[in-house]
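Each of the two complexes below includes chain A, the first together with chain B, the second together with chain C.
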Partner chain A sequence: MLVAVLSIFVGAALAPLLVRLLGRAAGWVLGLLPLGVFVYFAQTLPQIAHGESLRQTYEWLPLLETPLSFYLDGLSLLFALLVTGIGALIVVYAGGYLAHHHQLGRFYVQLLSFMGAMLGLVVADNVFVFFIFFELTSLTSYLLIGFYHTEEGSRRAARKALIVTGGGGLALLGGLVLLGGVAGTWEFSRMLDLGASVQGHPYYLAIFILVCAGAFTKSAQFPFHFWLPAAMAGPTPVSAYLHSATMVKAGVFLLARLHPVLGGTALWTGTLGLFGGFTMLMSAWLALRYTDLKQILAYTTVMVLGLLTMLLGIGTEAAITAMVTFTVVHALYKGGLFMMAGNIDHGTGTRDLLELGGLWAAMPWTMAGGVATGLSMAGIPPLFGFIGKEVTYEAALHMHTWGLLVLVASVLANVALVGAGLLVGLTPFIGEVKGAFTRDPHEATPSMWVGPLILGIGGLAFGLYPSSIDHTLLQAAQAGILQESHEVHLALWHGITPAFIASLVTFALGGVVYAFWQGLRVSAFMEGVGAVFGWGPGEVFERGLYGGVHLSGAITRRVQNGQFRWYLCATFLSLLVLVGGGMLAGGGGAEFSFSGEIRYYEVALATLILLSIAAAVRTHDRFVAILALSVGGYGVALVYLLFGAPDLAMTQFAVETLTLILLVIVIVHLPGIQGDESIGVRLRDGLVAAGCGALLTTIMSVVIQTSLDLRVSDYLAQKSYTEAEGHNIVNVILVDFRGLDTMGEITVLAIAAIGVYVLMRMPRQKKPSLAAGTSVAASRSDAAETETD
Partner chain B sequence: MEQITAIVSGAMIAGSFYLLMRRSLLRFVIGLILLSNGVNLLIFTMGRLIRTQPPIIPEGAKVPPEPFANPLPQALILTAIVISFGLLAFTLVLVYRHFAAGTSIESDDVRASEPTEPLDVDDQARRLPA
Partner chain C sequence: MFYSLILRVAARVLVPLLLLFSLFMLLRGHNLPGGGFVGGLVAASAFVLYVLTAGVHESRRVLRVEPHTLLGVGLALAYGTGVLALLFGKPFLTSLWVDLHLPVLGDLHLGSTLPFDIGVMLVVVGTALLMVFSVEDRLPGLVEE
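== the complex of A and B ==
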């Protein structure tokens, strides 16, 4: 299976070359690859149908206990066949649909990468391998939806899909990690009989919610359904493949795969039944609001996903039979209908039902496929869709409680589906040509109509001969979900059963919907449904997204307002709050005691320095400020002198003098200190500064009271003469023990000196006058305006 | 005595923080000088203060007579004084060149990297679909 999955990725890598060599015919050749993989999986069918399962393991990351392991049972096989079978048709179809697009090669890379990821997803056994493929499908889907990347709508839709499914994927990762931890294994195949212990675990609720978040976002369940209709902005082959038959079913597949582990509880049944049922009913009717073929198909896809979720929630033998049957039914008709919609768009230039009609003459082959798949969607016998509908009703009728409710909901949803199926499959072809098309209606190339035709024939064949797959594929898939084998028997004619009567009711009401669709579409009822459910969650998402951008913009402008002094204030405030708050929280107070001998001249010196600081801070006269500063600096030099640091004192005297000279030289060329900030700002800054000063004094007082580790100092003092033959210990440290540091210091000074020299020698720029500055600013804002427009 | 230098050092740093936050770049420079003095005093205090006896070994002795001032912080501060002088000279010239190139020495006008024009997000937000 590894080879099967990898071969598709290899095909993706080679696709651009093939497109370059063969041009638009490349689709036919590339289509052979998924076809071959389809055959490979198909030949395992007898074995799987017999109740066996295949497991293959390749050591990949042994240290992380993550083998590349694959597991093929009936459920995986069903999906693998859908992915590769429909995939082959789509690859061929895309060759025709995008024949004139200059990036067909790129499209195939993305499409085949998606196919490989999707195939890997359905056959993965290891949880993490599954998750990687799950995310890969989200990523490739993002690229494919945004394939027409020059259009803003496409980019927006792609981003929406990525955020929703990616966010769900994140939740899923959490759920899978919890699940693996609880189950004690990272292989799905080993989890399958651990249902009882997982469901009894306290983490079960968390696992369930996280897994559901992943599955519901991926499979577009309410309230996450909005991304799927938006994803129709992608090219039609993408809609036909990812957003009907495969990727959106990944969530349903996940729930089916974990059904033996997580399913069967009241929580499972209630949640899946409720969300699935509601999604089904809501989107089935929302579909009737649209006149765009692809939008109708998108909403009915959501409807089917809801139905499948609901059936998984019910989880009885009959429900799972219906679920696996409908999965096949839907994949056959929906893929075909999307391709048909693409053909009509291609041939006439429109997908709007109000403009379409009478294409039977111009597009016979497309019509054949379209009518067959459309009628299957409507559930008309003898097509496979009829059987799918019947078994759904059977599942509802077999329920002990809530059965009637499920039946009514299913009938109501299917009524809309009948209407939608007839609208999509019949209306464009029958009747009169309604108006002038932008293009002369013409049949599509064979590569484009062969897909719908094959799927239509498939729907007819399975409808007439359901026994061709019910005992084999469907039964094995059902066994994979339920972990116990039941006989699956499908038939076109069951006799006059309650399900058949429900079908008749559905047809009658569906016919009415079809006949009066024009009026229904614009009725107040449909408007209301659309406003609340169709528009609501998507709008919440959009507003939330842009609200987030707005909010971060506002915060950025406030926090990073370009004012240097505000940045400093924020830094100082953080220092005060974090360090001071930490000290308060830790209860580390300081006792302030003036111990030891204090001499009067020392107090006088300290007072002098304090006064000079106050003068330097308060004055508006730049020369007074410099003088005050110097007084403080010389005061500090005296402190050094008094406490045994003559070297420091000398250096400080020298540097202080130099500083004074430098300041005076430069400052005479600068304007004075102009005005003050507002009293509020000064008060704020003053409080922050005073707080920081108090904080540092407090810290110092605390440190003073601890004992000082003098080992380094003593070592240096002991070795100063004996090792370095120097009497002045400070000098020995600087030039000997830490000589390299001093070297660095000299380098820094040299660099500063060079910097100063260069800055002073730079040619003096012409001062822009005030008027010129304004005009520059004006032209800049003009440019910005033009860009925005 | 350490308590008193702790207060002086704290006051110096508080004063320098206040000056650093002023609009005038001149006051910023003064704050910078004050800050280096304050921090040097802080390091000096943390090494404890001992009166009169510098860390110098007298002629004929191999170790300095006890008690002697702690030489380690002195070495640190000596480096710091010189480095901060270099920093000051560079900053001062920068301020001067800034003034020479423009019209003010206010820090609010130093914003070549953060222009006052609206951010990109404003543009995006304006294109929000109705």
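== the complex of A and C ==
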């Protein structure tokens, strides 16, 4: 499985090259990659359906205790197949949709990385591996949503998605760490039968809240739903993929994965049922407020996510059957419908329902896929959507308490869904051509209609022959969630059951909604719903964000006023208060004692350093001050050398030289030190400096009195040559024993350098009041940059 | 640019010497004081000296690659040696060693710590140069007049 996941990332790396070589045809070739992975996962189906699960572990850094472990059971397999199967169609589709975009290669890098992250997420076994892939989906979807990065709207939508899902991810990390600590294992597969002990633990509530925060933000549950409809600012292939098979399902997948561990309690059922049910009902009706195809589809995605969350909350056998069935149903129709919307946009220049109609003649292939998926969304028999709706009603009817409420809510939500499905899948194609399109309506290229068509046929085939997946994939997925095996049997016709009657009611009301949609859309009721739930939470978020930016701006202006003197003073004062205060609070008094012989050259060196400091303090010329400070620095390097640390001394010499040159470059352009500061300022600076000196002296005297634990040093000295084949222990530590640290350090160094680069490229802020001092302040902060590094 | 004849003449001798010295530092590091970090600092000093005497424009031309490329290549080398160990079925970042018997150079004992150290060196050089170059881009005439 590691190879399967990695191959997608390798594909991402090679994508730009392929696009350069093959041009538009690259999509077809790249599509083979997810298809191959799809086949790889599909051939494990007989085994998984038999009730087995696969587990693979790669120890990549044993001491870190985070093996790359993967776990494939029915639940993971279901999602892996959706991610790769629909992914293959999306890759092909994107080749057509963005054929004329000059950054198609870049798009494929982002899309395939996203796919790899999503695939890794669903098959991950280790909690941290899962989390890293979870975060990676947030990051890559940020890039994808903001792909049209020259547009303000896209950037805003991408930022919204990143902050909401990233914030949720942070909460999730906390929840997972707590969960792992409580369960005593970091592997999901080993947690699955520890449900009872986790639920009895005092931390259960905290774990539950944090995990829910991660899942609800990712899967756009109320009140975090607003980022998802905004995310349609990305290119259509992204919306199609994001909504159908990936990203938003990650939260639902997380809840399903942890269902055996956290689920089944009253807290779980109540919270998931309430949030899911409310989200479902609200967004289903919100969808009807819009005339933009993608907007309608986006809100119905939120509706389905609410439904899935609610079903997971209910958690009975019937509910989980409905949940896994609806996951497949939704992935099939939503992917197809988004692609269809993209084709219509491409072919006519509009996605507005009020302008669309009569496209049956111009776009036959798109129509075939669109109608099949649209009717599946509306739940019309014999499509798979009908079965999905039936089993949902069955789940509600099987509940002991609250069943009626859930049934009514589901019916009401599905009524809106029927309306929306007919609106999206039928209206653009039937009737007369309405307005004048900005483009002459034409059929899309085969790469663009093949996806919706395949998904439409899939919906029809599963509807007619549900036995093709119910006993295998769906049953295994259900077993993965419930951790016990039940028979899953789906059929189009069950006889006249209560669920069937509920379906008939749904169709009747849905038909009414469809017929009177124009009037309903602008009614006062819908306006009210839209105002409160539609953009209410999004508005609060935006305001909060801008408030935060203003607040931090105000703080920054106050703290970072451009005076380097003040920065240093604040830094050292903090050091003094935090470290010194800490030492005082800890009651650690130090008694200054010194034993040992003082050699004459040590005295000379100390005198040199002291003299250089005196010169630096007294001079009014910056150049002299810098030179004097450097003499002090070289003096310190000599101390290192004398006390047997040649590597450290050498580095200190080199750093000192480099910073000296860099500082000189900058500082010769600054005016001299005026020396006209008030006596108060001088006194303050002097006190802070003296305090820091005293603090460090105290620390040093404490340190030399502590007896050294030589175990580590001895170990390294012994093993340096035998294990790492080097005599220079310092370097062996840097490149071998603690190579990981060095790797982290050079990464930080590179990031700092890029930070300076970006800072230097930012347009200078124009502030009239500070105009005179800007250049001085800017070069001062340059000096600060070079010095601190 | 500093119009100092002494500095310019000295730099012509010093820059190549310093670069050679930085390589020396890098290569001896495993057994004697030295290593990629110090080597990188020395090399960076050499380039900064060159910037001071020949100017940023000329230095960019001589360097041939942009500093951020150095950062990228350095990081890739360091991470690459880590992944290399994985390919040999060892934990991430395990050092690998080979003994080579070459006709002219004699016996060589080579380890994957060397490319790692070269990576460190490139990152250090890239960082220093990226800073100097960006300062010059921001405030033209600061280094070069």
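Here are a few things to note about the model shown:
Going forward, the second predicted complex is superposed on the first by the 555 of 789 C-alpha atoms of A that agree within 3 Å, B and C clash if a C-alpha of one lies under 4 Å from a C-alpha of the other, contacts with A are read in each partner's own complex, and residues count from 1 in each chain.
Definition applied: a contact is a pair of C-beta atoms (placed from the backbone, for glycine too) under 8 Å apart; a residue touches a chain by one contact, two chains touch by 3 or more.
From a predicted model like this one, the values you see are computed outputs, not experimental measurements.
Once chain A of one complex is fitted onto chain A of the other, the partner contacts of A:760 extend to both chain B and chain C. In the superposition on chain A, A:66 contacts neither chain B nor chain C. When the two complexes are overlaid on their common chain A, residue A:57 makes contact with neither chain B nor chain C. Once chain A of one complex is fitted onto chain A of the other, the partner contacts of A:316 are absent, as it touches neither chain B nor chain C. Of the two partner chains, chain C is the only one that A:739 touches; chain B does not reach it. In the superposition on chain A, A:666 makes contact with both chain B and chain C.
In the superposition on chain A, contact of A:657 is made with chain C only, not with chain B. Using the contact criterion defined above for the overlaid structures, shared-chain residue A:724 touches chain C, although it does not reach chain B.
Shared-chain residue A:103: touches no atom of chain B or chain C. After superposition on the shared chain, chain A has more residues touched by B, the comparison being chain B against chain C. Where the contact sets of chain A with chain B and with chain C meet, they give residues 646-647, 651, 655, 658, 662, 666, 669, 726-728, 730, 734, 742, 749, 752-753, 756, 759-760. Listing the residues of chain A that touch chain B in their complex gives 542, 546, 549-550, 552-553, 556-557, 560-565, 568-569, 572, 592-598, 602-603, 606, 609-610, 613-614, 616-617, 622, 625-626, 629, 632-633, 636, 639-640, 642-648, 651-652, 655, 658-659, 662-663, 666-667, 669-674, 677, 685-686, 688-690, 692-694, 696-697, 700-701, 703-704, 708, 710, 712-713, 716-718, 720-722, 726-730, 733-734, 738, 741-742, 745, 748-749, 752-753, 755-756, 759-760, 762, 764-765, 767-768, 770, 773, 780-781, 784, 787-788.
Chain A makes touch with chain C in their complex at residues 59-63, 646-647, 650-651, 654-655, 657-658, 661-662, 665-666, 669, 724-728, 730-732, 734-736, 739-740, 742-743, 746-747, 749-750, 752-754, 756-757, 759-761, 775, 778-779, 782, 785-786, 789.
On the side of chain B, the complex with chain A involves touching residues 1-15, 17-24, 26-27, 29-30, 33-34, 37, 40-42, 44-59, 61-64, 68-72, 74-75, 77-79, 81-83, 85-90, 92-97, 99-108, 110-111, 114-119, 121-126, 128-129. The residues of chain C lying in touch with chain A in their complex are 25, 29-38, 41-42, 44-45, 48-49, 52, 67-68, 71, 74-75, 78-79, 82, 86, 91-93, 95, 97, 109, 111, 113, 116-117, 119-120, 123-124, 126-128, 130-132, 134-135, 137-139, 142-143.
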